[in-house]
Structures are given as structure tokens and as C-alpha cells.
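Notes follow once the structure below has been shown.
Just so it is clear, A, B, C and D label the chains in written order, and each chain counts residues from 1 on its own.
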Amino acid sequence: MIVILKRGTQEREVEPIYKMLEECGIIAQEITGETTRMIGMAGDTSGISEDSILCFPCVERIMRVQEPYKLAGRKFHPEESVFDIGGQKIGGGHFAVMAGPCSVESEEQILAIAAAVKDSGASFLRGGAFKPRTSPYAFKGLGLEGLELLVMAKRKTGMPIVTEIMSSEYLDAFAELADVIQIGARNMQNFTLLSQVGALKKPVLLKRGLSSTIEELLMAAEYIMAGGSSEVILCERGIRTFETATRNTLDVSAVPVLKAKSHLPVVIDPSHATGYWYYVEPMALAATAAGADGLMLEVHNNPELALCDGAQSVTPQVFHRIMNKVGRVREAIASS
Amino acid sequence: MIVILKRGTQEREVEPIYKMLEECGIIAQEITGETTRMIGMAGDTSGISEDSILCFPCVERIMRVQEPYKLAGRKFHPEESVFDIGGQKIGGGHFAVMAGPCSVESEEQILAIAAAVKDSGASFLRGGAFKPRTSPYAFKGLGLEGLELLVMAKRKTGMPIVTEIMSSEYLDAFAELADVIQIGARNMQNFTLLSQVGALKKPVLLKRGLSSTIEELLMAAEYIMAGGSSEVILCERGIRTFETATRNTLDVSAVPVLKAKSHLPVVIDPSHATGYWYYVEPMALAATAAGADGLMLEVHNNPELALCDGAQSVTPQVFHRIMNKVGRVREAIASS
Amino acid sequence: MIVILKRGTQEREVEPIYKMLEECGIIAQEITGETTRMIGMAGDTSGISEDSILCFPCVERIMRVQEPYKLAGRKFHPEESVFDIGGQKIGGGHFAVMAGPCSVESEEQILAIAAAVKDSGASFLRGGAFKPRTSPYAFKGLGLEGLELLVMAKRKTGMPIVTEIMSSEYLDAFAELADVIQIGARNMQNFTLLSQVGALKKPVLLKRGLSSTIEELLMAAEYIMAGGSSEVILCERGIRTFETATRNTLDVSAVPVLKAKSHLPVVIDPSHATGYWYYVEPMALAATAAGADGLMLEVHNNPELALCDGAQSVTPQVFHRIMNKVGRVREAIASS
Amino acid sequence: MIVILKRGTQEREVEPIYKMLEECGIIAQEITGETTRMIGMAGDTSGISEDSILCFPCVERIMRVQEPYKLAGRKFHPEESVFDIGGQKIGGGHFAVMAGPCSVESEEQILAIAAAVKDSGASFLRGGAFKPRTSPYAFKGLGLEGLELLVMAKRKTGMPIVTEIMSSEYLDAFAELADVIQIGARNMQNFTLLSQVGALKKPVLLKRGLSSTIEELLMAAEYIMAGGSSEVILCERGIRTFETATRNTLDVSAVPVLKAKSHLPVVIDPSHATGYWYYVEPMALAATAAGADGLMLEVHNNPELALCDGAQSVTPQVFHRIMNKVGRVREAIASS
């Protein structure tokens, strides 16, 4: 941590800062130049509140040096993590595609889609039983019944299931039935839920909030990991910008950035990011080429009748084509 | 709703759209020009999913005409709402200041601050018992004990209390002890919590999410109102932009926009928005001049020792000066 | 400047950095802790390129400590600047309103509006002769003829004129005829134009770019001042965010931030920021309450026939009311 | 264009709107429902100013239906454009890589880099002679001398050159010496320069502004094309968002969006977008996989000594590896 002092600061103004640092057991070094005077600390400063230091009238600014995440970061865990979930691997060179409908609508629908995506090479089945909707008047999913239909599809196809939890009310059901518990973008900083889900010690797929920085995403992962889970998959699904041609702006560069800063697998969801099915294919390929560890794709056998997000769902035929190209792109970037 | 068709669309492609609209009981009119062909619907289209229409291959784009919120909107409720909460009025010309520490730290602290802000003219006491923190390792508030200390301060000063709920676990305690239940920015789209809090039928202070549009804020209010509460206070507390000189960018223009679109009272929180105590005064005055119905301000008797957000808290002395100026600005804008 | 080194950096990797610093005459101090190793420099580092240091493989990150602007900053010019332009003062307690139409359309129009705004207390006449338009097919202003009509209005009313320059082609005409040369938001980083206008040594009104940080705005002012002009007025006119309820988001907090970091006067343009005339009044009052040194307002005697930006122009009647309220707000915030 | 009227609008309030439309020769149709009343126009409405309509007090909102660009759009030019520039093709299946240093520094430097990038398969040489720099005190390029050094490199290698123009002062030199004239992001809405460069009727590379929408980029292209040039190459180089882990956020989805809306070739610049050389490779591959028509890459033989932007430049060795992978990714996405 670096503390920059205001021009013309008096010695007696700085003393209480040194006193506070000393009490916290921190060794500080001063750097003084013609125009600037700074206090540098190179030890573990996690015990000091930046905020308290900012309150001293002589402090102009503070700059943090260390990353605030430890469990999610690469610094103390340089190897990429590989997770084996229900026989499907992800991370450290293992690529996984999670596909399925936005929301589970019926037995017939979910079984048909599950069979189709498995045939094309998907390794996880995704599907929403509980749906976050902007309007209180919109379809909110089948709830527990939807969760049971997913389990039925899992039994038929063998694919582990990924599905979103929206409140702690259903923690037990998710602990029992889901293979990967998804935390949606809107709940990325629902800190209570993060801790509770972490305590289940199950694999978690954590979606980046629409306006969350990469550091905040890693801090949310840290919450889950501090709660007890060691298997967190990070998912970029578009951030909010001024551009309106796509629903959100898919931050593809989050892939190499997250891979550099963290050991956790990174998955991209181009369906929610773009909002239009015809942009899903190019963005799925882009994410793969950027080095993602997997994709999350919405597939619907009858998009125009979908109860939710039909416009961003691809048909099983298009999904099949995407899978073929994704495989070829992975080969293309593999060798140097 | 307006449906814009692609150039060169064939009649047989449009038919299924008209059929679907007919089934939904919607009367559609077509507008055809040299370069564009549109279908216009002026009735209640809340029953149709935009998404299903977007799936028809001949559809280029959809434009929504009606506002999706009814309970929160001005259209069906043209008069400004006035709420009387524990004897304190807000809205429709009544101005209310909610002041207090970021988090409740001790009996001594909360009683001293409560007395001070009351003396200067605050009408509500704010204080956090449960704190959302970006880091899992940071102080998270005193919890229920904090809630009880707030109640003690209320008994001494008579000020109703505003405090944030973070999870449904404590719904009963908040229903019993809080006068205004606050939903924080990070939970603005925690739809489960919105419905549950709405069902308590108590006054709610709803903070705008960091990247939520004004329409999304009103839809979140709609959730609470559809849940049962009729008293929702809207709070702007800064949005996330590219600018880093302030913690967030306070969207002061949200005040006149919200007042135009909704009948609910609008409160501004300049403390969280700017992140620095010395910007709180000018922004509190700006919000007042823009026509806000109230302010939410962090006040701490000892900012440098605050356990949370000390840098953005003003002292009781500064608060007193702000209150004086706020009163004068309100007079200045009152008469035409 | 602080250089943070990567974990596990070898001594031989750091040597070339020290060598480079030494060659630049910079005294560096090292701060070493358990997990972090940093090089701190407190002298004048304006001669080193951050970029060259970032190229050394052992460098993880660089943090700049000093502000990169000198002429525009408060550090070496602690007193607020006051400019006297054609008998009108602005800055350091002097408040100035610049009012007039978006574009000059005819002699009759500009003379009528000029007389009206002067009557209500405006001190500068604004009006566009050259207009930047998003579409190549839109009205682009009367050009030099417009400039001459402004001069005519100046002769009649005595008000100095503010008008936008769009290219270096007309530098001579602006040098001769304009009292304040405006650089528009879209040209804020047209560095050639900034230098050329600076060399005229005339007062300049510099608008903040739609996505420019406050630091970039001050660096653009620095360009003009390094070019020769000492009288730069900074103008915030809305930044681009995700919100679409207003055309742009007026960053009112830019007022206290700019006042803290710079000695130059700060003016707010709520007309372009909001895009709707009915939001202009509340935002003009907000800007005044936040401590702005002036306002720039679009006034049109016949908004629905305006050739440009009619929707954001207020009538002379509304302008008169705004001026009254602005005066009262200024009194309200004056005394402590 | 759709005009939505306010609730409770009287007939006499609407009449002047119909009158104005009639005068402009526009046939309007009214759509009336229980809660909404709209006026729809399907003909050519480019002659009406949205702004004038917004001034009528009974108008709530306007929605534009037609795209405002004609020359740059796909509607009237459904085939993808292919440009042949100095023997190098781009667009419509032809892929082109533009590589070279951020700025031309010396004869030795530019010749060495030109030879290296040609060897690896680049088809255009990029290099800055005039450099836009945020600070007035930074290196601004060699100017005309730099342009001549580029021409020398072109003579040696046969590669056509791409270089940025910053002001109209040097139009003649660029007309004579450059093969592709680059308009930088900061000048994307320097409308005077756009028209002047268009009038040269030479190929232009137009970079998207940091906060420009895709529609604004196409409108800027429209300016150049209306000026006379028919060969405009669009370049995405990162947009400004709240994320700070990369310098800007590369909007990879701009590739399929631009390809859908326009017939012009689309090129991606991952060097400026990310700001760090180690993110250039993954993002170059992502852009290729998304369907870009080309790449613009900064290559420097000695990045740590570069006078500008060294941190984002790759070495010739890394460039060679990128080119190999780019070629393989193009094959991977080619067949269905």
C-alpha cells in the first residue's frame, strides 16, 4: 500500500499515521522527493482499512499494491485448476460445453434438447428452473418441478446439470439435485447467498455481474471459496456499456485476463451477452480462440415458442455446426 | 409495440405473426412505405413476449411503446405520493433527511450520532447492522445486535430508523424492528428478496443498482409493490461509469427523470456516490436543488476510527452546516 | 511513480531498470516486504515513459503518483483564476451565464434571442455558426455568415460571444471575431486544433468529451495552455453511460472535483447533457448549487422551428425563471 | 418514424403535427389503442427533424425506424465490398494484416520491422508519423520525415502503407504518399476532417471512437463516403467501459454486428484495445474467429526502447507465431 501525502504536510500531521501503522505491526518506508512525499508499505496490509487512512487530513490518496483475493488468485496457486464433475473435466486444457434451454418448460422439451446437445458433444446440461425476470409479471420458471425434470434428463443422458439458485430457501434441494450450482449475474454480489452456497462445498458456476469489474468477480469467487467450496467456475456473460446493438458487450478479453490472474476455469456465455442467436456462433468461436475453458450456450428445439429468451437460443442444428467449428478452432490454437 | 419487418419479407412469412397476435386478442395495424413495413399495436401488449416475435425470421426489430411498470408509474397515479412513517412525512413537498453512521458500532456511538443528527434537523436515523462488503474478510456489521442498538436510539430520539436487509433469513426481525427496510444497490435485482420484503407491507427504501437503468429501478419498485407494499422510496446512489475521480458518478438528473415517470419519493445518497466526505456537501446541495424529496447522508463522530466507509462520512459539525444550506436551497427553488 | 515487481524477480532482471532510472537522473528507493517488492520514485518523473518500464519482463504494474498536468492544476496555482472577458468576469466567485440558440439561423432570430437573454441577466451570448452534426445530411450552420450575425448581435447588446470552432481553416476569423472560442466535445482530443487555438492567446471554452475522464479534460486544457492561452474555461456537458432516459448523464460531481484539482473556472451545459428542455431547469439549479462558476444554456424564441436541437432549448420565458432561481440558489449557498 | 403521443392529448394539439408532415410530403397513419396513441410513418422521413417534432407539447417520445446511413449500409449494397489496394485485397473473404510499429522512429527501425512483418505474412505496413498523445509534453512523431521513411520501406518491401492523418494541414502529403489514410479514434467525429479526407477519394481506415456507438461509426463512414471515397475500412480498437484490467474493452461482437449492417470490411486492433502485448495474441485470434476481415497489430523489434506504446507491441517472433495461428483459425471457421 502506498500513501501519498498532500503538499505542505506538517510532521505532526503524519505522526498519527505512523503510530497507527506501528500498532498494526506494519513497517513503513518513506519516499520523499521535491514535489511528492509518500509512505510505502510492502508487508501484509490486509489488516488496515484504507478508509481509516483516507480520513487523515494530510492524506491525498492511497494506492493498493496487493491483490485482495488469495484463494481465487494465481499468486499462491500457480497451476490451473482442473475440476472433475460427474465424470466431466473442465480447466487446465479440458474444454466443456454447457448447453440447454434458458428455462425448463416440460418433460418432453428438456429430454429432447438434452438428447440433441449430448449428440453434438455437449458435456453439461444447462437449464433454468428458477428464473430471474426483470418484470414481476413474467414467467419465472417451473421451480422445484423444473429441477426434477433436469434430474430426469440427467438420468437419461448421463450429463451433469448446471442450474441457477436464486435464494437460500432452496439450498437443500440444490445441494441434493444440482451438479453445478449457478449464481446469476444479478446475484454476483448477494454476499449472503455466496457464503451459503460456498458452504455446500459443491461446484459453483459464478456469473460476472453486468457492471462488475474482473477484480470484483474474483472477490465474489473468494467469498464462495472462503465459504468452503474449492470448485468455482467463472463465467463472463456480457457487461453493460453504452452500446445498444447487442444486449450487453461480451468482454472477450476477460478470458486472458482471468486466466492470468486466477487458476479457476473460465467459461463464456455468448447467448445472454449478445441477445441474438445469429451473433452466438461468431462469439462462441471468438471465446474459444481467446482461450476459454468452456462455453455456455442456449439451445431450444422451438425458439419461437420458448417461454423465455427465445431470441437468443440457437436450434440443435445450429448448435451442431457451432460444436464442429469450436472443435476445429481448439485444434488451430493448440500447437504453437 | 411496433414490429419492423425485414426488407423483402413475403406475405406467407408475416401470416404466423398475425395469427399469434390474433390469438392474444391484439388488434394490429400495418404501416407500409417504400422502404419499410411495420406492424403497430396500440392495445395492451403485456401478454405477448417480445422474444417470441423476435424469433420469426422476417422480423428485423421490435420497439416497445408502453412503459412496463404500472404500480410505480405516474400514468395511473398522477399525484405524487406522500408517506407518513413514524410521524415523519416524505414526498409531495415533504423533505426528509436520513442521517447516521455507515454501520452501527456500539451503543455509545449510535446514541451520540443519533442525538447530533436529530439536533441538526434529520428526520430519520440511518445505520447498518448488516453490511454488504466486497471482501469476505472485512467487518460485516453487528447483525441483530446492531438492529437492537438502532431501536434503542430510536427510543431515545423518536427518530424512525432505516436499515438494510441482506437476506430473507432476518425478515421477521426487520418486520418487527425497522421502520424503513432498505434494499441495497447490490440486491436491487435480487427478485426473491424484493417480493419477500414487499409482502411485509412496510415502507421500503430501494437503492438503484450501480449499473441499473432508471427503468430497471422502477421495475424493481414494481416487484416490491406487486408483492404488497405501497410505500417505496427510490434512492439514487451513483452509477458505474468510466470516471474514477469519484467512486461512482452521481446521476443527479435521475431526480427530475424519476419525478416525471413515477409518483414515488426520490432520495439521493451523495456519500456512497462520491466516496469522499468533501464532495458530500456540494452534491447534497445539488440534489436538493434538482428537486429531490430527501437525502441520505453518512455522519460519524469520529470518521478516522469508523469500522467502515469513514472516508465518506461527514462530522456532525459539517452535517449541521449542510442542513442549514439545504434548508436555504429549498427555499430558493420553492417559489417561481 | 511506483514500479511493482513480479513475485520471484531476480536481481539481474531489476538492474536494467535502475540503470535506466539513473540515466534519467532519478533517485529510486526500494521497498521490500514478504510478498511484494516495489521501486518508488518521488522526484520529477515526467521524463520517463511508463511504457518503456512496462516492457521489462519483471515489471508487474506501474502506478503514477503525480498529476500529469501542471499549468491547469491547482498544485502550482492554488488561487482560483478570474478571467475578465469583454468586461464580463468569470471564476473566483464571479458567476457567468452564456445563453443563446444552438445555431444562428437569421439576423432576426439572433437579435431577438440576444436581447431577451440579456434582459434576463445573461452575460455572454452563445450561438453556433459551424455545427458538428452526426449526419452528413443535416444542417451544418451558416458558417462565416453566422459568425458575422453574432458580431452584429454583440454590437447591439454589448455581450461578448462564445462560438465553436470546428477546424483550423477558420482560425483567423475566430481570432478576429469571437470573444471566447469554443472547442466542442467531439474535438476535445483533436490535439492539433487544441494547440492551434491555444496559440491565438484568446479565451477558450473547452467542452469535456463524452467519454473523457476529468484527467483527460485537464490534459486537453494543458495542451491549450502549453500552446499559449492562459484563459481556459472548462465545461461539463454530460458523459456517455448506459442510461438512456437522458441523452447523456450530466456529471454534476465534476464541478467540485474540477474545482479541487484545477484553478480554472467550471461551467455546466445542462441543455446538451439532458437533451430535453424540461430537465434543463432542475439541472441548471443543481449545477449552481454544486458550485459551478457559470452555466451554458440553449435558448430559442421558437423551439419547434429551430433548425437544430430545438427539443433541448428553453423559451426566453423559461430562461427568465431559471435566472431568477439561479440567483437565489447562489445566495443560498454563499454564506456558511 | 413513430411518434408516441401523451395520454389525454387533444385533437387540436395533434393537428399542427399532421400539417407539418403533410408539408414534407409524408403519409402518416394513426394507431390508436386504449392506453396509447401513435403516429406511424413508413416513407422517407430523412427530411424531417426529430427535434422539431419533439418540441410539440403533446409528443411523448419518438422512435426512429430507418437506419440513418445509406452508403455505408447493407440495405442498398447487399454484397460485401472488396477493395484492392496496391495489389492487396481486403473484404469479401480476403483477409489482410496491417502490422508495424506504433510510431516510425528511424530508417533502421522501420526497414527492419517492415522486412520482418512481411516475412511473416503481413500485407500492409502500419506506422505513425503523426501521433496523437494525451500529454502535450510527449513525443508526437517524426511528422513528414516519418511519412517519407514509410515510403522508403514501401519501396523496399512492396507493402502499401497505412498511416494516421491528424489535421487537414497535411492533406496533400497524405494524398500523395499514403496508400490508406487512417482516421484515429479521437478524430472519428472530427467531421471537417472526415469530409476533407473523403474528398481525396483514397482508401481510408476509420477507427471507432472510444465511446462511439456502432451506428455513429457507420455515420462517420457515411461522412467520408458522402465526401467522395468509396473505400472505407472500419476498425474496432476498444471502447471505454468501467473495466480497468485492460486499457479499453475490445468489442469483438462489433465484428458480426458491423458485418450484418454494412458491406465494408472490418478490421480489429487488439494492441490499442488491450494495452498489453501478452493479451494481443488471444484477442487477435478471437477477432479472426469472430469473422474479421483483417487485423491491425503493433510490432516492434525492441519494445522496451520504443518511443511510444512499447508495452502493447509484440516482437517479430511473437508476431510470427500469431500469424501462423491466425491462418489456422481462418481455415477452422471457413467450411461449415
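Heads up, the rule we're going with is that a residue touches a chain if its C-beta (ideal position, glycine included) is under 8 Å from a C-beta of that chain, and two chains touch if they have at least 3 such contacts.
Predicted model, so just to flag it, every value in this text is computed and none were measured.
Visitor: Work out the mean Cα position per chain and let me know which chain is farthest from chain C.
Guide: Result for max centroid distance from chain C is chain A.
Visitor: Could you see whether A-C or C-D has the larger number of C-beta contact pairs?
Guide: C-D
Visitor: Distance from the CA centroid of chain A to that of chain D, rounded to the nearest Å?
Guide: Once rounded, the distance between the two centres reads 31 Å.
Visitor: So what's the Cα centroid distance for chain A and chain C, whole Å?
Guide: Computed from C-alpha means, the inter-chain centre distance equals 38 Å.
Visitor: Could you tell me the distance, in whole angstrom, between the mean C-alpha positions of chain C and chain D?
Guide: Computed from C-alpha means, the inter-chain centre distance equals 26 Å.
Visitor: At which residue positions does chain D touch at least two other chains?
Guide: 211, 240-242, 244
Visitor: Given the complex with chain B, which residues does chain C contribute to the contact?
Guide: 211, 213-215, 239, 241-246, 249-257, 260-261, 273-274, 278-279, 282-283, 285-291, 321, 325, 328-329, 331-333, 336
Visitor: Can you check the complex and tell me which residues of chain B touch chain A?
Guide: My answer: residues 46, 49-52, 54-56, 68, 132-137, 166-169, 186-187, 189-193, 195, 209-211, 216, 219, 222-223, 226-227, 240, 276, 303-311.
Visitor: Going by the contact rule set out above, which residues of chain D touch chain B in the complex?
Guide: Going by the criterion above, the answer is residues 2, 4, 7, 27, 29, 31-38, 40-44, 63, 65-66, 75, 211, 240-242, 244.
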